[in-house]
Amino acid sequence: MAILLTRETKIIVQGATGNQGAFHTRQMLAYGAQVTAGVSPGKGGQTVHNVPVFDTVRDAVAQTGASASIVFVPAPFAKDAALEAMENGIRLLVMIPEHIPVQDTVEIVTRAEDLGVSVIGPNTFGIISPGEGTKMGIMPNHIYAPGPVGVVARSGTLSYEIAFSLTNAGLGQTTVVGMGGDPVVGQTFISVLKHFQEDPATQAVVMVGEIGGSAEEEAAEYIKAAFAKPVVAYLAGRAAPPGKRMGHAGAIIERGRGTLESKEQALTQAGARVVTMPWEVAEAVGTMLS
Amino acid sequence: MKQYEYVAKQALAAVGIPIPAGRVVRTADDAAAAVREIGPAALKAQVLVGGRGKAGGIRFAQSPEEARAVAAAMLGMDLKGYRVQTLYAEAKLAIDQELYVSVTTDRNRKVPLIMASTAGGVEIEEVADESIVRRHVDPRVGVLPYAGRELAADLGLEGTLAREFADLVVKLYQLYQSHDAELVEINPLTVVGGHLVAADARLNIDDSALFRHREVEPIDEGSVLEQKVHAIGLAYVELDGDIAIMANGAGMAMATVDAIQHFGGRPANFLDAGGGASVGPTAQALDVLVSMKPKVIFINIFGGITRCDDVARAILQVKRTTGIPVPLVVRLVGTNEREGVALLEAEAISAYSEMAPAAERAVQLAGEGR
Amino acid sequence: MAILLTRETKIIVQGATGNQGAFHTRQMLAYGAQVTAGVSPGKGGQTVHNVPVFDTVRDAVAQTGASASIVFVPAPFAKDAALEAMENGIRLLVMIPEHIPVQDTVEIVTRAEDLGVSVIGPNTFGIISPGEGTKMGIMPNHIYAPGPVGVVARSGTLSYEIAFSLTNAGLGQTTVVGMGGDPVVGQTFISVLKHFQEDPATQAVVMVGEIGGSAEEEAAEYIKAAFAKPVVAYLAGRAAPPGKRMGHAGAIIERGRGTLESKEQALTQAGARVVTMPWEVAEAVGTMLS
Amino acid sequence: MKQYEYVAKQALAAVGIPIPAGRVVRTADDAAAAVREIGPAALKAQVLVGGRGKAGGIRFAQSPEEARAVAAAMLGMDLKGYRVQTLYAEAKLAIDQELYVSVTTDRNRKVPLIMASTAGGVEIEEVADESIVRRHVDPRVGVLPYAGRELAADLGLEGTLAREFADLVVKLYQLYQSHDAELVEINPLTVVGGHLVAADARLNIDDSALFRHREVEPIDEGSVLEQKVHAIGLAYVELDGDIAIMANGAGMAMATVDAIQHFGGRPANFLDAGGGASVGPTAQALDVLVSMKPKVIFINIFGGITRCDDVARAILQVKRTTGIPVPLVVRLVGTNEREGVALLEAEAISAYSEMAPAAERAVQLAGEGR
């Protein structure tokens, strides 16, 4: 079992003929994902790793019945691609690009809300469901394993580190979701936790957060009120000074908001097990599951 | 991308929000001419640091002669590490009241947020929560005059002020949208002679949206070193320690900084070498770390998209050119790990596979830690 | 019985302190309508014919629980007023002003669709439910009577002519709805007919149409497919030359579309009784009801 | 409000849609200068009538001298009743293909509608329905490039043309919105040297939106008489009969015209005196009717907001000044009916209360009918 993405999910790749799009089309296929079509305007009729390419999402969906799309187009064209996908029936949308203007993202997630689309990202590594043998994203294929742990992370490489340590500790994953490092993103801790709540295969959840915003505090409120499974949280940015963006557009302690202290306190009070270093996650999960 | 006050003011004026008479001043003669035109004025240093006034960045001139002298003193001065190159001469106002209003994006609600208060003139963080009126904007509707009227009512404004405030909010939201602003703030929004005037303003433009705002001149607020690394296209923040750090991915880089501190070390920087950076930029970044003359360099790589062999090649390239005259600790794991480790070992550099012992070793080598 | 507007409907008047707003507030009160509040920015605290005036719809709705609004503000401010009403809970919105920009109306009706608001107009005389003793509009009070006939019209004065002739023939009305003379309007023949279909008190319907657009043809399709009550239709503009606007922004035979012939033919084929002169309506209705 | 071709062209160019090189020409010298600059050109009369080309409103000039002569002949000429005051000199194009594209508002669906066809160059009404591609625009989304790409695919366009068309559709929709257009149409949209160029264009602006388009110069297309009544603020259309008509409300006025025709008469005009017009404008309108020297004047009033006594006063006022030298038939019913009828009867004018006999009587008095 898994959340959002299963082996049945038919996927299209927007921007499939670009370097990144083509590379990850191959990686997704190698992992077992049902990549049924690529979309690249003006490239209709070509193939990418034997996947047919169409000029429009409309054609790709009509030909393949796909309901999910992963977007690799450059940031200035991302809103166009996202709306094209959603207006043509896509209901799971993974937005890989970074540097999408925040107000474009606001438009995307607002429309997604109207249409009932789950948006992952932007500026995300994507989503992977190891037990289902499928993924939509740019994460390395070899570090995951099927198992009972759900993972939701704001950061890519850090989540790889933690997922790999879970795998090495014999703790496989139902689904790993990358929220994305931008200030405004579609799926957030709360919405992903709600999905994990509904998934019987998920027995514990790891949250990988960081400074900036208050998504962790909001998640803590939800956990306290309604989340019934064990949660281990690790948050990055303990040593970060205020006023400086730590790489992610969302990772900034601004005007006193978004500090690690308030996040860790909220999560601890909500009953989550908060660890201070990434290498402590796997052991904490193991303890809670045994 | 923060904008100078005068740029923010001009943007306000362009959408029809009243601002005090003002002139951009780049020479002492400019300053004299400006005061001749607009009368007694404040000369305000155009730098992007807080507390500008207390640091001597705002002075007053009653006459053109005084303006010339004051400007001559201010232009070129060092203000909290920034060289003053531009002043903004602005007519003095007889202020009756100070309000606050801003538009920003609420990342939790994922919609624009208008905040307003009648307790303006100080940083909004210092205003009591109950004195702040908040209104989330539904992007499906935008901000129409009625929203401004409701906000004006919430603030207790009446008559002319209520009308002007409602109108101003609509225009401020237009500016927020048309400029891809992260923040547009008028503080204080002053009442002068019964009318609203934007006495000071902030405008931060979304860096990611600069491609559609070619008119915006890039301003890198960073230190010299930060600007150098930003120019390579990498995220870099200077910290005050002595263990230089490189990692791939923002989260990993943050966690690496945390790990160094965890073991008692003092991180010198945050450097995200990118989620899939190639040999060139990685080597360039490493060059910068070497140039910082840290006690130790710690490279922490989890190879996902980043290939460990590429990182190894970058390290060896820099080693050949600079010799890397400080202790180097490398943690290398993931994609093409075997090739990368082999490359390093051929040059007698050993690599850790776990993050914790590697970070601990880096701290030891720096002579720090517990 | 009636449609859309009943004696229970609590009404606010936007633009109540203007000449037109104040005059019609009095007329509506005189007819028995529950006008509970006026809204005029900056005039809060005043009264109009003993009706309290508020600065905002928000305050008016909070104080009175009104769910319907009639808008009298000048056309350039009408979109603002309409959105203010809808976003503050108004679900029946009568837009009196003419000369509202068509693209403003498109925005209004689009948002109305999202929120489930019934918009009457713009450029309408409004709606009156004689049996309920209430109205939202500018029609004269004395020409209507309670009875079994539903009337829906694009034109004001012409509908008065016909309603009065019905009244004089002893044929009272459940509800008379003015669609409005603009090219784009909220309630149209089809949507009003659907309401009449649901109203047990309405035994026959009079449609007062005119040249321009194809609202009558669309209504004919609906009548043919699903409308079970007798319909009498009278359409104006028989003698109108193509390319000339006959007063209403919507009343123009443009590029061969919107002719009387196509409308009358469609309605006749749908089973409606089409009469050629306004004074023939009442007799036709009488015949169909007896 | 229809706009002249050159205004439409300039609006297209302003949003970045390619147009041929062209110059507005108001004198023969202008024309010579224009051709000197842009080469052999078409000189197109700027009038708002259809069939301009067939009526001699488009001529060609190979040289500046020829342009001077042609312009001298065209400027001031009468074209279907309109005096030519402005020409548009436009470079001739080597056209490979003619397409069609427009944006308008679909009154039934209540949203914007884009229409496009590869069978351009003729009026869209003459294009077979199956050759027209239609796309309704969801105002919640607007028109993004993908919509243009889907339309281009529907038209069978490929490569550069598909890209240019997709881009053009986005810009055309921007223009439709920013100008409050009822219609913006490019016909033909030509293919010249493998690229799209807007060879002719129409732009109709929503009269009701002119308050936010102060730059638009009002153009009243009506006849002299129509313009006179429009200036009073009333809706007026000249017809070709001899029974002058006044009614209140557009629908009533239409029905009154119909009724006259119904009884065999020939209506001279459509005049909506307004749903609640006061004495002044009503009298002014009646003055115009008298000045038309019709065989009969028929006034048909159902007093709702309009008060019958006001109408009676207007009639009496005009009678006192002009005498109303033609037979007058008045039907007066509704609000203040009794007072109005009494006022008229005091001056020996009788009033009908029913519309049918009144209309029939007007036709009889005109010596027409069955």
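For reference, chains read A, B, C and D in written order, and residue numbers begin at 1 within each chain.
To be clear about the criterion, a residue touches a chain if its C-beta (ideal position, glycine included) is under 8 Å from a C-beta of that chain, and two chains touch if they have at least 3 such contacts.
All of these numbers come straight from a predicted model, not from anything done at the bench.
Asks: What are the mutual neighbours of chain A and chain D in this structure?
Replies: Of all the chains present, none is in contact with both chain A and chain D.
Asks: So using the touch definition from the top, which pair is joined by more C-beta contacts, B-C or C-D?
Replies: Contact tally favours C-D.
Asks: Comparing centres built from CA atoms, which chain ends up most distant from chain A?
Replies: D
Asks: So the centre of each chain is just the mean of its C-alpha atoms; given that, what is the distance between chain B and chain D in Å?
Replies: Each chain reduced to its C-alpha mean, chain B and chain D end up 54 Å apart.
Asks: Taking the mean of the C-alpha atoms as each chain's centre, how many Å separate chain A from chain B?
Replies: 27
Asks: Listing for chain D: what residues touch at least two other chains?
Replies: In chain D, the residues touching two or more other chains are 140.
Asks: For chain A, give me the residues that contact two or more of the other chains.
Replies: In chain A, residues 114 touch at least two other chains, as defined above.
Asks: Pick one for the touching-chains graph, please: line, ring, star, complete, other.
Replies: Per interface graph, the chains form a ring.
Asks: Every touching chain pair, please?
Replies: Between chains, contact exists in these pairs: A-B, A-D, B-C, C-D.
Asks: Once bound in the complex, which stretches of chain B touch chain C?
Replies: 138, 140-141, 144-146, 149-150, 153, 159, 162-163, 166
Asks: Okay, in this complex, where on chain C does chain D touch?
Replies: Result: residues 75-76, 98-107, 109-110, 114, 125, 138-140, 143, 153-161, 164, 181, 183-184, 188, 208, 210-211, 213-215, 218, 236-241, 244-251, 255-256, 276-279 of chain C touch chain D.
Asks: Touching residues of chain B toward chain A in the complex: what are they?
Replies: So the residues of chain B touching chain A come out as 105, 107-108, 110-112, 123-125, 139-140, 177, 180, 182, 206-209, 211-212, 235, 237, 239, 247-255, 257-262, 267, 270, 272, 275-276, 302-306, 333-335, 354-356.
Asks: For chain A, which residues count as touching chain D in their complex?
Replies: 41-42, 55-59, 77, 79-81, 83-84, 87, 111, 114
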